[in-house]
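Before anything else, here is the set of structures, which you'll find just below.
What follows is chain A paired twice: with chain B in the first complex and chain C in the second.
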Partner chain A sequence: MSATSAKAVGPRERGATRAPRLSGRVRGALALGLQVGPATAFVAFFLLAPLVVFFLYSLWRVRDYEIVSEWNLDAYKAAFEDESYRRLLWNTVKIAMGASVLSATLAFAFAHTLRFKLRRWQEPLLFAVVIAMFSGYLVRIYAWRTLLGDSGVVNSALRGVGVIDQPLSFLLFNRGAAVVVLANFLIPLAVLPVYAALQNVRDAEIEAARDLGCGAWGTFWRVTAPLAWPGLFFSWALSFLAAAGDYLTPQLVGGANGTMVGVIITDTFQTDYNFPRGAALAFTTLLVSLAIISVVRFVGGRILR
Partner chain B sequence: MRRPPILSWLFVAALLLFLFAPVVCVVLFSFNASPSAGLPIKGLTLSWYREIFDRAEYADALRNSLQVALASAAFSVVAGTAAAIALVKLPRKVTAALAGFFVLPMVVPALFIAVALLSFFTRINFELSLQAVIVGHILVTLPLVVALIGARMQNLDLSMLEAARDLGASGPQAFVKVLLPLIAPAIVSATLLSIATSADEFIISLFVNGGDQTVPVVIFGGLRTGVTPAINALASTILAATVLATAVAGRLVSLRDVAR
Partner chain C sequence: MGADRRRVSVVAEPAAATPAADPSAAPAAEAIAIEEVRKRFGSFTALDGCSLHVRRGEFISLLGPSGCGKTTLLRIIGGFETQDSGTVRIHGERVDQLPPNKRNVNTVFQSYALFPHKTVFENIAFPLVIARVPKRERTERVREALELVQLRGVEERKATQLSGGQSQRVALARALVGRPEVLLLDEPLAALDLKLRKSMQLELRRIQETLGTTFVYVTHDQEEALTMSDRIVLMNGGRIVQGGSPREVYDEPANVFVSDFVGEANLLDGVVGGRDGDLVRVDAGGVELKVAPTAATPAAGPAVVSIRPERIELRRAGEEAGAARENRLDGTLERIVFLGNLVRCHVRVGELVLTAELPRERAEAVAEGEPVLACFGAADTRVLPPDGAPT
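Our next item is the complex of A and B:
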């Protein structure tokens, strides 16, 4: 034991005499670098580099089924001039806005109820939401066909009770269905940030507002809402981005008027193999989404000050 | 405050019903003896679960999913834990920048990551395969691990590590004997949530699998011919795994730590 430790100390001490101040600090920095390095390099190589290549593709051109680096803006021009894409983008914005506002509102109401009304049940109820968050993205979407389809659970039940004799076919394959199904998997995602924000609202602050003569609504608008706004905004923005970029929901339950850009982007890659066009469509959609998100951030921040 | 919050309970119950209805419905119909996935339930059977193992396509998909989940969890837990531990020791500005960097894959829409990865892999001639799927999944699970372990690290009293060093422990000794036991629950829960996330991931897997399909991709393919009880059974096995993993993970860490 003593022999091994003496051996281990030996070279370190010699190194220390040669460069007394630097070695410790350098070794510490090196160790930290080695710890952060692999994860950082991985994300840089497999996320940043692909995003750069993807962006370059949107500026290049396909010739003879090969992508060649001839710089041009044709793919973007085509995206803006293509009336069907414009219509689809508008449809996407409407659906994503509906779904994200619905999700953020319900998530806020849920988190608010947990924080102020059902305090003792916070942990188990939050636990239920986390389980929902990690269970079945694909399942959650396709199950709605079984629930709302013509021979689905809701229609069979209603027919069994005798309320209807023809199945209600408006339940599925339209814009409304897309909004409801998107909200179904977005709500769990939206709950956590709002819940965290509401933890910042202290009871003393609420009581102070009430003592100073603020009503329940006044306290909500002047104390709770401004304090929760950053979390609420994050929840909404995350839901909006996820909804605008979703492929499965419009594909499986959206029907004709519930189609979104995710479907056309996927088709451009998988059926047409037109990578530049697909990339341009994806970047245009992302830019439009980010623009909408910044407007909401600005306006919301102004109102809830 | 004094009267029982009936309205609050009604709202919470309705929301949870909305969230869990699709999941419960799929599991329920996976046991339905009738071959059409719908009401009424004509007796219960396990035969759809046997079909999973009889159909090579389904069995392969399960094996692929398991392989991808374990590989991506292993890498992201090791690399992510190391990064999260180092993050608290780095200067504030570096930590903030890196934290933002690691959140990136969580905020960029999954479809966007999927098509960008597809473009990148074809550009550098990286064969679309299970390895490509693993890379894609690590992008999703790594931020999760960094966030979970990072949250635990921030709630730790790091002076304990210094105390260990002052009492003569070497760096590795202090890590194994002091830090590791403290963050072990967070590491286990991060592993489980990585596995759950990977098993559930669909869109990246769809784009880069190159023929080695995972369970969600096979389910998606099967949906073209309609929802069958066998698909429900396959989906239920994955659901059981993800719900179990999440439930255990949730018991190990304080949810309030995570919801920062």
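Our next item is the complex of A and C:
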């Protein structure tokens, strides 16, 4: 008994100096794991796993309405080579760009006014923004149709005043309508990040810029905009991604030239049951969107320094 | 620090409150001329008719408790606030309607306000870029400015990667690199620790003397104001209460507020009695004091006697030394507080408690609980009108 315990003491003693640090490190790793673990698992399971599955689908083939794991790039070839897909993708980029730039610009103007001009109304107005964000998506699309349709509010009013005889049909069912309706949906989403970024611009920094010789515009371009850029970029990117992936608005108000790739992707999945092609189209769209976002991030960061 | 110390709020009469410009100086020699400036924020009166004249190359401190209007006055000079009435001239030019970027005045902000998205070099070069100074000259002037504030090797660091002391120096360099006629400093040392603050005080003074720039320095720290300034302007309740050299405001306070705010003082409530030759007798809580009157001394009625703690000498009871002093008060030494180089003694005289500060070795003659003699001359005191009384 005494012999074994004596033997055991040796290594344990040598380890004793190291042991607290080691266990501290282990405990730290454990705490970190507990903190980020659940969120990571959630993202991995519900976001990354489906993505991986769909990526595999895009490399497989459909035969007799069944997906079989025959590796090929046909779906991507179709996505790149088919003229109609290319035109659709380009149309999608144009509409998403228009809607996201419109929403980010208006959101920035709104947040800027809130931060610098209407400080006393910040809370009620932000609350209104959040409310707007949670109002129904479809409801809003139909509201726009009621506004802009042939017998809608705008046309009836114009006819009532006697400005027009026939309803203005260009108000709805085209690319412009899709841009406006999408922007309307995206603005509340875009306000919050840019507002948060503008909260980080301190009054003292703005006063310092004025003090050191900048006029109102110089201060805006050299101090306010660069400091708000990360938030503004995030607002725009969020809007762009959401718009590029949308398929309801183009269907309901987009008309012929307002069709977006999302509509075709849902059709390919639901009607054609062609999962490989749908997945390939989705990944192509995602890739193009991410490429555009990276370019904007790089260029914007260079300009607003 | 005795029971007789009181918080005071003094409203000074405008004539005495306005520090007159040096009569020999022509108006153009004035860096800043402020006349009767008033400013209200809602129902709060921040500035209630302030007039101030600053000579070129002067280091002037605006000193007062928080809310006294000193920062508002500085912000009006800088152009960040607009006064409700009154005029501001900088080097003879009226600037009332000019925005900050059109005034040749720069500010060192309390929070430094460095641009977090720019490097130290870009921060300091900022005013030069705005003024379209050529690139080579820009580099040269940034280097000079960094040398002036004794910073090296941080040019490429982000403004967010600096210590408090370094940020302070960068803010100073950035404000000076454009060579302003007047530099405004809004409690720039408030966030630094005591040691650093003390060395920065001397350094600010050195920089100011090197450049000959007019400095207007806002602080609530009387010691800081005494250390650096050519002239101290005391403010309270939106008014300028007294202006003068550090020695003047310390030795000849115009009222109880100044006496209390600058340095330590025993402030004793009393009633002015009869005259005794050149001196005036004041009955302070049953103790009769002989004091030398000044212009501020009320002819009769209530008054406050101010005595600096270091002016009071303590003797063992019955000792004859110090007999030349007009006031010799019998008291009990209640408490000795050790302050390092000094010793602070609380002496009870009747109902009064006097605070005296003496060098350590002088305090060895007396002990706590023993009867002592508190001696001070009539000229060591100031008799001031009580609070709220028109001076």
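What we mean here is this: the second predicted complex is superposed on the first by the 262 of 305 C-alpha atoms of A that agree within 3 Å, B and C clash if a C-alpha of one lies under 4 Å from a C-alpha of the other, contacts with A are read in each partner's own complex, and residues count from 1 in each chain.
Just so it is clear, a contact is a pair of C-beta atoms (placed from the backbone, for glycine too) under 8 Å apart; a residue touches a chain by one contact, two chains touch by 3 or more.
Just so you know, these numbers come straight off a predicted model, no measurement behind them.
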Worksheet item: In the superposed arrangement, does A:L227 touch chain B (first), chain C (second), both or neither?
Response: second
Discussion item. Of the two partners chain B and chain C, which one touches more residues belonging to chain A?
Written reply: B
Worksheet item: Which holds for A:R202: it touches chain B only (first), chain C only (second), both, or neither?
Response: second
Practice prompt. Identify the partner contact of A:G176: answer first if only chain B is touched, second if only chain C is, both if each is, neither if none is.
Written response: neither
Discussion item. Just to be sure I read the superposition right, which of the two partners does A:D211 touch: chain B = first, chain C = second, or both, or neither?
Written reply: second
Item to complete: Determine, under the contact definition given at the top, whether A:Q35 touches first (chain B), second (chain C), both, or neither.
Response: first
Worksheet item: Once the shared chain is lined up, is A:G255 touching chain B (first), chain C (second), both, or neither of them?
Response: neither
Discussion item. According to the stated criteria, A:G300 is in contact with first (chain B), second (chain C), both, or neither; which is it?
Written reply: neither
Practice prompt. Would you mind listing the overlap between the chain B footprint and the chain C footprint on chain A?
Written response: none
Worksheet item: Given the complex with chain B, which residues does chain A contribute to the contact?
Response: 31-32, 34-36, 38-40, 42-43, 46-47, 49-51, 53-54, 57, 106, 109-110, 113-114, 117-118, 123, 125-147, 149, 151-153, 156-157, 160, 184, 187-188, 192-193, 195-196, 199, 238, 241-242, 244-248, 252, 262, 265-266, 269-270, 275, 278-279, 282, 286
Fill in: Complex contacts: residues of chain C adjacent to chain A
78-80, 99-101, 105-107, 109-118, 126-127, 130-131, 174-175, 178
Practice prompt. In the complex, go through chain A and note every residue touching chain C.
Written response: 202, 204-205, 207-215, 218, 222-223, 226-227, 305
Item to complete: Would you tell me which residues of chain B are touching chain A in their complex?
Response: 5, 8-9, 11-12, 15-16, 18-23, 25-26, 29, 36-40, 75, 79-80, 82-83, 85-87, 89-90, 98, 101-102, 104-105, 107-113, 115-120, 122-123, 135-136, 138-139, 142, 146, 171, 193, 196-197, 200-203, 207, 216, 219-220, 223, 227, 235, 238-239, 242-243, 245-247, 250, 255-256, 258-260
